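Chain naming follows the written order as A, B, C, D and E, and within any one chain the residues start at number 1.
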Amino acid sequence: MPRNSKHRLKKIGLPPGTLIHIGEQKIENTRIEIFDFDETHFQAKVVQSIDECFPFKDTPSVTWINIDGLHDIETIEKIGNYFDIHHLILEDILQTGQRPKFEDFGSYIYIVLRMFSYENDDHIKEEQISIILGANFVISFQEDIGDVFNPVRERIRSGRFQIKKRKADYLAYSLIDAVVDNYFIILEKLGEKIETIEDELMDNPKPETLQSIHQLKRKLIALRKSIWPLREVISRLERGESYLFEESTIIYLKDVHDHTIQVIDTIETFRDMASGMLDIYLSGMSNKMNEVMKVLTVIATIFIPLTFIVGIYGMNFEFMPELKWHLGYPLIWSIMIIVALGMMFYFYRKKWL
Amino acid sequence: MPRNSKHRLKKIGLPPGTLIHIGEQKIENTRIEIFDFDETHFQAKVVQSIDECFPFKDTPSVTWINIDGLHDIETIEKIGNYFDIHHLILEDILQTGQRPKFEDFGSYIYIVLRMFSYENDDHIKEEQISIILGANFVISFQEDIGDVFNPVRERIRSGRFQIKKRKADYLAYSLIDAVVDNYFIILEKLGEKIETIEDELMDNPKPETLQSIHQLKRKLIALRKSIWPLREVISRLERGESYLFEESTIIYLKDVHDHTIQVIDTIETFRDMASGMLDIYLSGMSNKMNEVMKVLTVIATIFIPLTFIVGIYGMNFEFMPELKWHLGYPLIWSIMIIVALGMMFYFYRKKWL
Amino acid sequence: MPRNSKHRLKKIGLPPGTLIHIGEQKIENTRIEIFDFDETHFQAKVVQSIDECFPFKDTPSVTWINIDGLHDIETIEKIGNYFDIHHLILEDILQTGQRPKFEDFGSYIYIVLRMFSYENDDHIKEEQISIILGANFVISFQEDIGDVFNPVRERIRSGRFQIKKRKADYLAYSLIDAVVDNYFIILEKLGEKIETIEDELMDNPKPETLQSIHQLKRKLIALRKSIWPLREVISRLERGESYLFEESTIIYLKDVHDHTIQVIDTIETFRDMASGMLDIYLSGMSNKMNEVMKVLTVIATIFIPLTFIVGIYGMNFEFMPELKWHLGYPLIWSIMIIVALGMMFYFYRKKWL
Amino acid sequence: MPRNSKHRLKKIGLPPGTLIHIGEQKIENTRIEIFDFDETHFQAKVVQSIDECFPFKDTPSVTWINIDGLHDIETIEKIGNYFDIHHLILEDILQTGQRPKFEDFGSYIYIVLRMFSYENDDHIKEEQISIILGANFVISFQEDIGDVFNPVRERIRSGRFQIKKRKADYLAYSLIDAVVDNYFIILEKLGEKIETIEDELMDNPKPETLQSIHQLKRKLIALRKSIWPLREVISRLERGESYLFEESTIIYLKDVHDHTIQVIDTIETFRDMASGMLDIYLSGMSNKMNEVMKVLTVIATIFIPLTFIVGIYGMNFEFMPELKWHLGYPLIWSIMIIVALGMMFYFYRKKWL
Amino acid sequence: MPRNSKHRLKKIGLPPGTLIHIGEQKIENTRIEIFDFDETHFQAKVVQSIDECFPFKDTPSVTWINIDGLHDIETIEKIGNYFDIHHLILEDILQTGQRPKFEDFGSYIYIVLRMFSYENDDHIKEEQISIILGANFVISFQEDIGDVFNPVRERIRSGRFQIKKRKADYLAYSLIDAVVDNYFIILEKLGEKIETIEDELMDNPKPETLQSIHQLKRKLIALRKSIWPLREVISRLERGESYLFEESTIIYLKDVHDHTIQVIDTIETFRDMASGMLDIYLSGMSNKMNEVMKVLTVIATIFIPLTFIVGIYGMNFEFMPELKWHLGYPLIWSIMIIVALGMMFYFYRKKWL
């Protein structure tokens, strides 16, 4: 069953705003990483305690705090207090079954995204990314170590790209963009899977093929569920609902919006394809059955009459004149050969042979 | 058939506003429970008569009156008179097949919710919860004893939580939240049911499996019907349609709204899954049939020609030279073995063996 | 085919506004019934000619004229002239295939409803109810004698209820309410039908069961088509589009609106159930087929090889050593029993037995 | 394939506004008919050249020019010049695959409708009707001679009806009304077709029945495609988008709007019915198969074991004691009869007999 | 898998605005073509370097620059700099998996279209067309040489058409119109394909027919995905969102809008037809199976009992009186003939023969 509803149960009955991590604990220790940069300087480090991050809050430079692992409630609470985040938001960060959403609190906004990755060949891992964007800081929360933000880190480090010259809103955009770009990799893999299944359907459909089609459909349903609301989220940001996004960044959000629609379009196309494959599978099965039936019918209808004929001359009546005929035996062979050929001609004309 | 339309029949032909309990009487005696609290004091008791509640109406503290059992028309009428509730609302409270709705009468609002619980392993019990929220009171009506409000009662009692410091609107929110939170338990159980059915589908699909899938689908349809309108209800409250909800509570309603959407999303996913399972079941059945047909075909097509051959030499013609041959019998065995092996090779290549 | 399009043909080619009764003539004589009442007086009679009704028009009391039978064009025309009704409305009254609609002419409004009743056990009779509501009068037109308005008549007569104290708008509401309430009876009967079909599906599905399911589906489609637009009609009235409905009546319309939505919801649920039953029927059929095939396969695959074996020793070769063995016959029996048991064990393991 | 896309090809690559007739040329000579009337006078004639019509343009009376046949580009161009019609409209008139639409050019409006007629028993002929409505004139363009406007012509001629007293907008309304009224005849015929197919389904479903169902579905799809946009067209006219339609005519447009919705509703119902018939057909086919299988199974499973038994006593072992028994033969008959009856009883209980 | 997501992968991780060609490189050398014209002069040439185009920018005449091939990043960048195009637009031009869209930058607008052509008999080639429209210039970008703009070029060259007298907006319209007109050719070919498949379905449905139907469906899905958003694009242009399109051109856009809707309508109709064909195919298959079963059943049920009868008189009991009868043999033949005829009569009445 979907993880979100399962883990939510821990929470039931607690007063709203109680901080409790809902979801699997995926790593042992929370990992806190901090980037601080502006056009002229750059600093990046992994810190042991969240307290080390707070001094950066009051500098004018852009500060990005990235937290991997959500089980350390204390750290989250400290951030909440220091950056003055509403306790319901902290709750949402910790509750890892959110659908993508966007909430505007004036001085900061809260965005939830869902990140996908292929864990091994066939399993898609889903992770919740929470982003808090303030005037000069971005805080991102992930469930696990390992993400899709390395290109962003590279660009900050190299210093050659606009990201260093721009504000926190552009950094937030870059993170969203990285997540959306990554969806194309998932689609690519699913596309390959579709090709594999199609080849299987052509060559030799098996019951396992049906399993594959249904697993594919299910993945597409899950992806769609997680990506569909994102369209609305980005569209609201793009319409300028939050003043934290500057005009010059909004045009980039339009670009992300286009990509999201493209992802959703592709998912829809894949779903149509999966339905088509189901039809092909089912009719392939019924073709096979048809073929089996034809073989049975051809063999049975040729030999059953013949067996009847030989049965006749196996009877023990005392007075059966044919049995005494010298040519009786070859004659009966001739009759049987004629019957068999007639049958075969009939089947040939019916296209069953 | 759905309970609501069945029980409504009692009512047909009566003038609007006639108070009559529509639905099963689930308990013998109406149970009235009262909570009165503010930041500094707290009082809770079960009262015998509704009249004992009325003095609390005029104190500034928050008063929560909870009524279990709807067959005692007199009590309901007294409440209606004392709190000045429109008689159509009283009618709606007593008529237990309402869909979730919200009506605003200025000085108070009326909210209908539907509560679910698993009665025994396989039956979902549905109950109508009516909530009336006024400036400093909340009245809740239930069909039966036993509900999902114990955590709320606990929080009021313990006095440690914000619920004690806030107004009646927060109490109403807490009740709604408790109902919505409880949906996740139902979903959890349904999720487990889906897993069970899926295992059955893999191992050994039976006609009973189909029954289970259809029962599941039906439950999902019923849940959806009861929860879908709630989304609109909460969305309207959250948009601030009633001035009884303060700004600081509305942010909590947003949270409930998110949860409701999550519940609906999960129901939709479950429905998709149920459809998928139906497909798998049906194609599993047809696979089985295929297999049965193959066995029949293989056996019949191997032995029918052989039976013909032995039939030939069972004929009683006087002049059949082969019968006199010394090696006739072993020869015929050889021919039959060759025919049988040829057939088997053919079936092997067709992948029927 | 649906009655409406069939009967409309009479009308084609005539200029708009031509009064011609479209539909079956269901009774011989038009029956005109009049109620006139206010808080203090009450009068009811069946009149021979519509002219007797006109004097009531100018009294301030509420006048309800109910006409059963639409074939008497003259009467309709007179009403049209006297109450100044647009001739297109008169045309709509006579044309009995209208969908529910509401038209506002300022000084009066025109409402079309569809009334259902079970004529005999299995046939649903549909009737068009036209209601014209003016400042102090209501005129209702029915196709046939016999309706769902008796409870309303009772309430007016008894004088105990608010209907006598209120205006014509409340009377109109009461009529609409009576029609909508009556839908629940139809739903109740359909619900029973669904239960019957379900029992049949469990016990012994027959081709007739399929017929029943399809008849049910068709009834649901027809009901839905006739009730769906009503939702919009009442919603527009409730939003206060016509000033003829007073604020104090509109709250009652909200109630009817809720009931209409409940009816539509139930119809949708029934349709989902009917689809589910179709699936169960079809897979039940294919299960039966499966079972038939299994019996054939088991019998045929057990006996075909045995028949081959006995065929061998029915051959007439002169040199067949086994025939001379003393224990040949019991030996062959043993072999056959082993083969048969082996087959049965195989089928047992395959769960075909 | 649909005619519209096929014929459009002629046009591709030409500059917009190039007048070329797209569609089949259905008649040899264009036929031009003119009606000119007001309350006091009336004139109707068939003219040879369009020039004869132009003098009527400047009289205050209502002028209706009806043109049958669209291949005479010159005539169309002259009209365009004289009445000052935009060349894109002329293009649309000549291009006969338009969907219903309405365009407002201030001094005149352009309306496209689609007219249907049954050509022979089974083929529905579709024709494009273009109507241009100006202050005091209506020009209608048809592809072929023969239309549904005769009742309108009659009404103008007889002089008894309001059409003679009203303006060009009422004439335009009358033409639209005639086209929509005619849809009911098509629906009537389709309804009869549905009844025929249903009878066939009950009595003796054949593969041809499936063909009929599919042809029906296709016709319904085509009708729906051509009528659906009309709803929007009339709704826009009725909302008063063009000042050419006077208030007193708009109420008539509402009537046409209702009829259009009724037509669409009926088409939807027919589509639902066609789907239901497909289900019935398919399950009827599978029932037949079931029956065939049962007969085979019953016969085969009764006689295969019996054949085995007689095979046993056809063996030629020297030592088979039963063969010597005096009562062996009747005994074996008894056994076989018992086996056969046992089988039949089994099948009887399984309801296969 | 769809090309767009596959090729996008190259791009992942790069900062936004990085120019990189995403898609196949279809030609070796970029081809740059320039048209410059106004009412009085006309000039057209193919240039080697984009720099030769820039002088035309500042003349008042209309300049059309057409670029075939997108791999030459440098050229694109130069255009971007010279015409001051936002770098995200340049990125979109190079990324060839865009859905149709329209973006307004005030001084210029950017439109993406998708062009289709039949490459060989069965493969539809899809190409992205980007159009940039400024005050007095149009720049179009194509992936490959060969397009649908030749008629436009012809009209400019000939000088007889309005295109020469009008502004750049009319040129942009003409290009869009050419692309949309071309869709009709694709639809025409698909229509022919549908006819071919339908003939195949009538004559001799084969598994390959199913393949064809699914390929057809897939093409329709792809077309729909690429054309559907165009409707919105043109509708926004037509509503006058950009001041670059003059009033007199907007009426032409309405025309294109109509065509686009017609294309989408036809695609929807084709999809409905494809679904219908699938149904016919499947039921054709099951009819065939039925027929196979009937032949088997008839033959088997006639001969199995007969074989049993001859088996009886093949038994070797010493005391079988019938064997001694003189007329035993002809008698048994008579019985068998009667049984066979009885069976055949039964099957005849069941319509299996």
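In this text, a contact is a pair of C-beta atoms (placed from the backbone, for glycine too) under 8 Å apart; a residue touches a chain by one contact, two chains touch by 3 or more.
Please read these numbers as outputs of a predicted model, since none were measured by experiment.
Participant: Kindly list the shared contact partners of subunit A and subunit D, in label order.
Facilitator: A chain counts here if it touches both subunit A and subunit D, which gives E.
Participant: For subunit A versus subunit B, which are copies of one sequence, does the interface use mostly the same residue numbers on each side, meaning over half shared, or is it different?
Facilitator: different
Participant: Please compute the C-alpha centroid of subunit B, do the same for subunit D, then give the distance between them in whole Å.
Facilitator: 43
Participant: In angstrom, rounded to a whole number, how far apart do the mean CA points of subunit C and subunit D lie?
Facilitator: Centres of subunit C and subunit D (C-alpha means) sit 26 Å apart.
Participant: Of all residues in subunit A, which are in touch with two or more distinct other chains?
Facilitator: 286, 289, 293, 296, 300, 304, 307, 311, 314-316, 320 - these are the residues of subunit A that touch more than one other chain.
Participant: Tell me, which parts of subunit B touch subunit C in their complex?
Facilitator: 1-2, 4-6, 8-9, 11-17, 86, 88, 91-92, 97-99, 101, 103, 204, 207, 210-211, 214, 217-218, 221-222, 225, 278, 281-282, 285-286, 288-289, 292-293, 295-296, 299-300, 303-304, 306-307, 310-311, 313-316, 320, 322-326, 328-329, 332
Participant: Along subunit E, where are the residues that touch subunit D in the complex?
Facilitator: 150-151, 154-155, 161-163, 174, 177-178, 181-182, 184-185, 187-188, 191-192, 194-195, 251-252, 254-255, 258, 261-262, 265-266, 268-269, 272-273, 276, 279-280, 283-284, 286-287, 289-290, 293-294, 296-297, 300-301, 304-305, 307-308, 311-312, 314-320, 351-352
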